[in-house]
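Common to both upcoming complexes is chain A, partnered first by chain B, then by chain C.
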Partner chain A sequence: MRRTVFPHKLLPWLLVAPQLAITLIFFYWPAAQAFRQSLLKEDAFGLKTSFVGLANFRKVLADPAYLNALQVTVIFSAMVAFLAMAIALFLAVQAEKVVRGKSFYRTLMIWPYAVAPAIAGMLWLFMFNPSFGTLAWPLRQMGIRWNPLLNADHAMMLVVAAATWKQISYNFLFFVAGLQAIPRSLLEAAAIDGASRRHAFWTIVFPLLAPTTFFLLVVNTVYALFDTFGIIHAVTGGGPGKATETLVYKVYNDGFVNLIMGDSAAQSVILMVIVIALTAFQFRFIERRVHYG
Partner chain B sequence: MQKTVFWLAGLMALPVAAEAKTEISWWHAMSGANAEVVAKIAGDFNASQSDYEVKPVFKGTYPETLNAGIAAFRAGQAPDIIQVFDVGTGVMMGAEGAIMPVAQVLEKGGTKFDKSQYLPGIVGYYSTPEGEMLSFPYNSSSPILYYNKDIFEKAGLDVDNPPKTWAEVWAAARKIKESGAATCGYTSTWLTWIHTENFAAWNNVSWGTNENGLAGTPELKIDGPLFVKHFQELADLSKEGVFVYGGRTSEAKQNFTSGECGILTESSGGLGDIVKSGMNYGIGQLPYDETAEGAPQNTTPGGASLWVMGGKSDETYKGVAAFFQYLSQTDVQQYLHEQSGYLPVTLAAYEATKATDFYQKNPGRETPILQMMGKEPTENSKGVRAPNLPQLRDIQNEEYEKMLSGQQDAATALKNAVTRGNAAIKEAAGG
Partner chain C sequence: MAGITLTDVRKSYAGNQVIHGISTRIADGEFVVIVGPSGCGKSTLLRMVAGLEAITAGTIEIGGKVVNDLEPRARDIAMVFQNYALYPHMSVRENMAYGLKIARMSRSEIESRVARAAEMLELQPYLDRKPRALSGGQRQRVAMGRALVREPAALLLDEPLSNLDAKLRVQMRLQIKEMHLRTGQTTLYVTHDQVEAMTLADRLIVMNKGVAEQIATPLEVYERPASEFVAGFIGSPAMNILAVDSEAGTVTLPGGTRLPLSGLPRAGALHFGIRPEHLRLAQPGEAAIPVVLRSVERLGADAFGYGMVEDTDMAMVLRLPGTSPAARGDHIGVVPDMAHLHFFDPETGRRIEA
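Moving on, here comes the complex of A and B:
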């Protein structure tokens, strides 16, 4: 490859300066603040501050509630990422088959993405509220004692469903694009060789979709970890008990409801480490096996 | 609101313009009908004199307003007055230096805080153990019992006599469910505030040591036999489907207004929504436990008070003092009481309302006042205080939810709430 050498020394810096400034102000500065706060013990108003070293981290990691939140997060994220991607892929493949009104069908599929997380949460809450939910009533008629307010499994199902529903559109969009990029000739050749549609999908389409799938896996994991706060806040508030309290929700709850700044900051630093590790892992190990064609 | 912010920003840039009137910012958490009351009171005060201008700013829910105030203080931009809910009282009291006690603010304004003019239960709650008034009570409420008269009639219950004790409530609730008058007999908002904190005061049992935390850092005592008995009964009713759990805060109000449940215990401040639903409702006293000695004692105030932030100019404090004087006026308090369903905070306003036919026309509106004033408060019934009450309530809610879903019995739930709660108090108190 030929190296391009730019004559200007200052201009490139000037051009990236706005982006750098934004990153510094909105990412590095708060991250540094969180790190600083995680080493301090402070009251809500910041009147009495003392340096406690790693005591906050020790306390957080020894807290059974934190380990519970970790477990909840793993279950929640895995379910949301898997379901959102599987359903979206299924729908995208089906959408490909539609001959008439394709764009109309696709537009409808993309709509839920425009709904804000908190609104999506409220929507699902209303549909499944045990006392006045429109969809809770048929459930009860079927003999299911539906009660997400007290039943931990029901509450988890409800937040997973709401979070998944909201992410399907995004995944759908990428899968449709990915499917369109697959050369027709390969599928036709497979058809001539007598491969069933099912066989062709798993041996040709799915492997060729790998770059899209991998990208979505990263995006969906990050989504399930962070962007679902609004949904959980609106639907269950972390309850019943602590059944739907994810790591992010616990950071919020400890910091802004219980006003324990040090604990909350320590948790967000741990969260930062987890995300860095997860992303590094995904890029190092999974990406290697991705076939970019 | 956006406009106000721009306008304020513009004013700050022009010190000349600000000299004419001293601005007093008031962050509050009142929405709906109660927000209109705030706007009217501030507007009337501004019109009544020409030195000060009170600017109310809506900051969201109670916790959101408190958080906004804390964040603003840390950034050196604290408002002058901030409305903080009862649960946040301990947090504000711990913030010495961040706040200016109301008693001192009034002194700066050349007046004195006359305790005898205010309802004793409310003043005691917002004062230091030494008796210095820290915040100005703005909206106070008390839990009461609401019942659906149509459902009572259908179930064959006495429409004019709501149940008085918990045992009577359980019996009535069972009858409602069994007779098919409604699918749910009883529901309640705020299991923490009503069934724990007020349950203790009303039945004269201790919620925590050190006068429930009013005289110092408390240790929880909510695993006492009376609490265990009460919560086990609630758990059993939940299992039978007679009691329906609505949520941690005021969600259960919907179960009542929708006609699902026949009986509700809720804040007196929740009256507005029940009136709005157009249902045929009745009001009764908060039920008590007839096996408790001396019950019913008195209930404790919920709601919110106004805190004055520290580090402001003397001119600002004079303005705040003038505003609080205005707020204490009988007609203003009477207006507040009659419009919002909150309690009047001065005795004169209560007497003035009594002199009209308001209570005859609105039976039940006097109930929360009588509950709070009925008896001289004991050390169990002056209110509860802890440096981290929001966290304690969170812990209790988690344990109650596990209990109601059948994962643990009442004794275990309360024992856990006490153990976890005491550890959290110790931590928060700097132990």
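Moving on, here comes the complex of A and C:
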């Protein structure tokens, strides 16, 4: 890579200043606020605030509802990340084979990404509403007692489906780009070497897609953890009971609905630690197996 | 190992024919080079043999079996690609073993075959390296090795040397020739480089615009080119072609010069061809083609004089001794060697036998 040497010290700082300012204002400052608040306790009317040390953390971690949210989050995130990537990869591979109307097909695939999360959630809710949902009816005709408003598993399936559907477009786009970057001659060489299409996919295409897949793994994990709030809020509101209450949703619920700011702040600090740890883990252990072209 | 038979092989893209019926038999162990300018269909033809392009009409047989509808993997062939197409995430060893593993060969057999190929191609020190840690020449050898370990019925090479520098190309050319002598592998080799074509081939297929202009041994192609295109394509510098008017024993050049020539095939308009190496400077008083030299290229052993036939716009190249004093602006007379004249039909471009 070419190294550029700046003649004086000020210019480089000025050039990175906007990015630094954004990061400071929108990440470090709120993060610091959350951390400060997690060590404080506020009374019910917000009149008195006292320093309580790690008491909020102790309380949160001992709370069975919090452990439930942790479990829900693990299940939800793993399913969303895996399904969104697997389905997008499948669709991208199929899209490669389309000869006529390729760009039309791709454009259609990308549209869902333009739908706002809350609206996507509402769409799915309407489609699968047990009383008037267009798609709930055939399910019931097949003898499934479909009711995401009462059945915890059904509710989970519905939010997973909505969150996955929303993310497939994004993953699809990256997988299509990744597939196009693989030289055709490699697949031809594999075909001549005797590999079936399926074998060539798993031994040539999939390993060469690893940089894309790894990037998407990190992005999708973060997506499932944070950005699905809108969908859950619109579809189930965390219910029935607390069956679809993820960590992020619980942070919102405890902080902005129940107004227990100390607990909520402690939870968001824990969440931050989880995400940092997870991402560090992914880079440390999974990226090693990634071959960059 | 096996021969390859092409019978009236054609290829069309959306009704647009690009290969116009090629037929030939490649014997077991023969080294055949398909040569032609870019866009002549030579790579397409090779890819049709490989099974990477569908065959529109005609049949291709490998080892006596019609392979038209067989997948590449069922054709028992190996191919070396122009860009080598090495699997970037696999080591040299894994690259070479890939096809063998798919063929469910035993581990010991795979190891011994890879070791043998690595020894032949001097790749032993690099077996555990990834392709990106190799030089162009080494990558090329890995691509060769990956094809050879399979011991296929036929080996196909698509411009395998075109990405190498000139010196390496000469080295690899010799190595490929030697390897062919050692393995006796039936080989089909595509190139646009006439030196590669002439030096490697047992037989040449000279292609132009989807037609095989001539299929013959290199020497035959050089000495008796079947068409004006072949005459111009094989040989460097290219053969001189002059439009002349012939009558009993004499031709009239465009400038009006009359030249007595023996062995004229017929009277009337003709294209007359003579290679630069078959021209010599005229003795004083001898009937000759008058040429004005425009430049002289000195290559050391030889020099090439580039000029125009006087009072015409027809270019003329002749080979001179390296020490020749000829210089730009000289008016010289050149005389063709009567044993090496070529005549072509001005209409069809085909060779006319004297």
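Structural remarks
Just so it is clear, the second predicted complex is superposed on the first by the 285 of 293 C-alpha atoms of A that agree within 3 Å, B and C clash if a C-alpha of one lies under 4 Å from a C-alpha of the other, contacts with A are read in each partner's own complex, and residues count from 1 in each chain.
In this text, a contact is a pair of C-beta atoms (placed from the backbone, for glycine too) under 8 Å apart; a residue touches a chain by one contact, two chains touch by 3 or more.
Fair warning: this is a prediction, and the values are worked out from it, not measured in the lab.
Model built by superposing both complexes on chain A: chain B and chain C fit together without a clash. Legend: residue contacts after superposition of the two complexes on their common chain; A:208 is shown touching chain C, with no touch to chain B. In the superposed pair of complexes, A:150 makes contact with chain B only, with no contact to chain C.
Once the two complexes are laid over each other on the shared chain, residue contacts for A:71 go to neither chain B nor chain C.
By the touch criterion defined above, A:199 lies against chain C but remains apart from chain B after alignment on the C-alpha atoms of chain A. In the superposed model, the vertex angle chain B-chain A-chain C (Cα centres) comes to 150 degrees (nearest 10).
By the document's definition of touching, of the two partners only chain B reaches A:131; chain C does not. In the superposed pair of complexes, A:49 makes contact with neither chain B nor chain C. Touch criterion met: A:185 reaches chain C, while chain B stays clear of it.
Nearest C-alpha atoms belonging to chain B and chain C sit 52 Å apart in the superposition, given in whole angstrom. Looking at chain A, you'll find no residue that touches chain B in one structure and chain C in the other.
Residue ranges of chain A in contact with chain B, taken from their complex: 43-47, 131-132, 149-152, 237, 239-242, 253, 256-260.
Touching chain A in their complex are the following residues of chain C: 50-52, 71-73, 77-79, 81, 83, 85-89, 98-99, 102-103, 146, 150. Remark: chain B residues 63, 67, 70, 73-74, 91, 94-98, 238, 244-248, 254-255, 258, 260, 388, 390-391, 394, 397-399, 401-402, 404-405, 407, 427-428 touch chain A in the complex.
The part of chain A that touches chain C in the complex is made up of residues 183, 185-186, 188-196, 199, 203-204, 207-208, 210, 291, 293.
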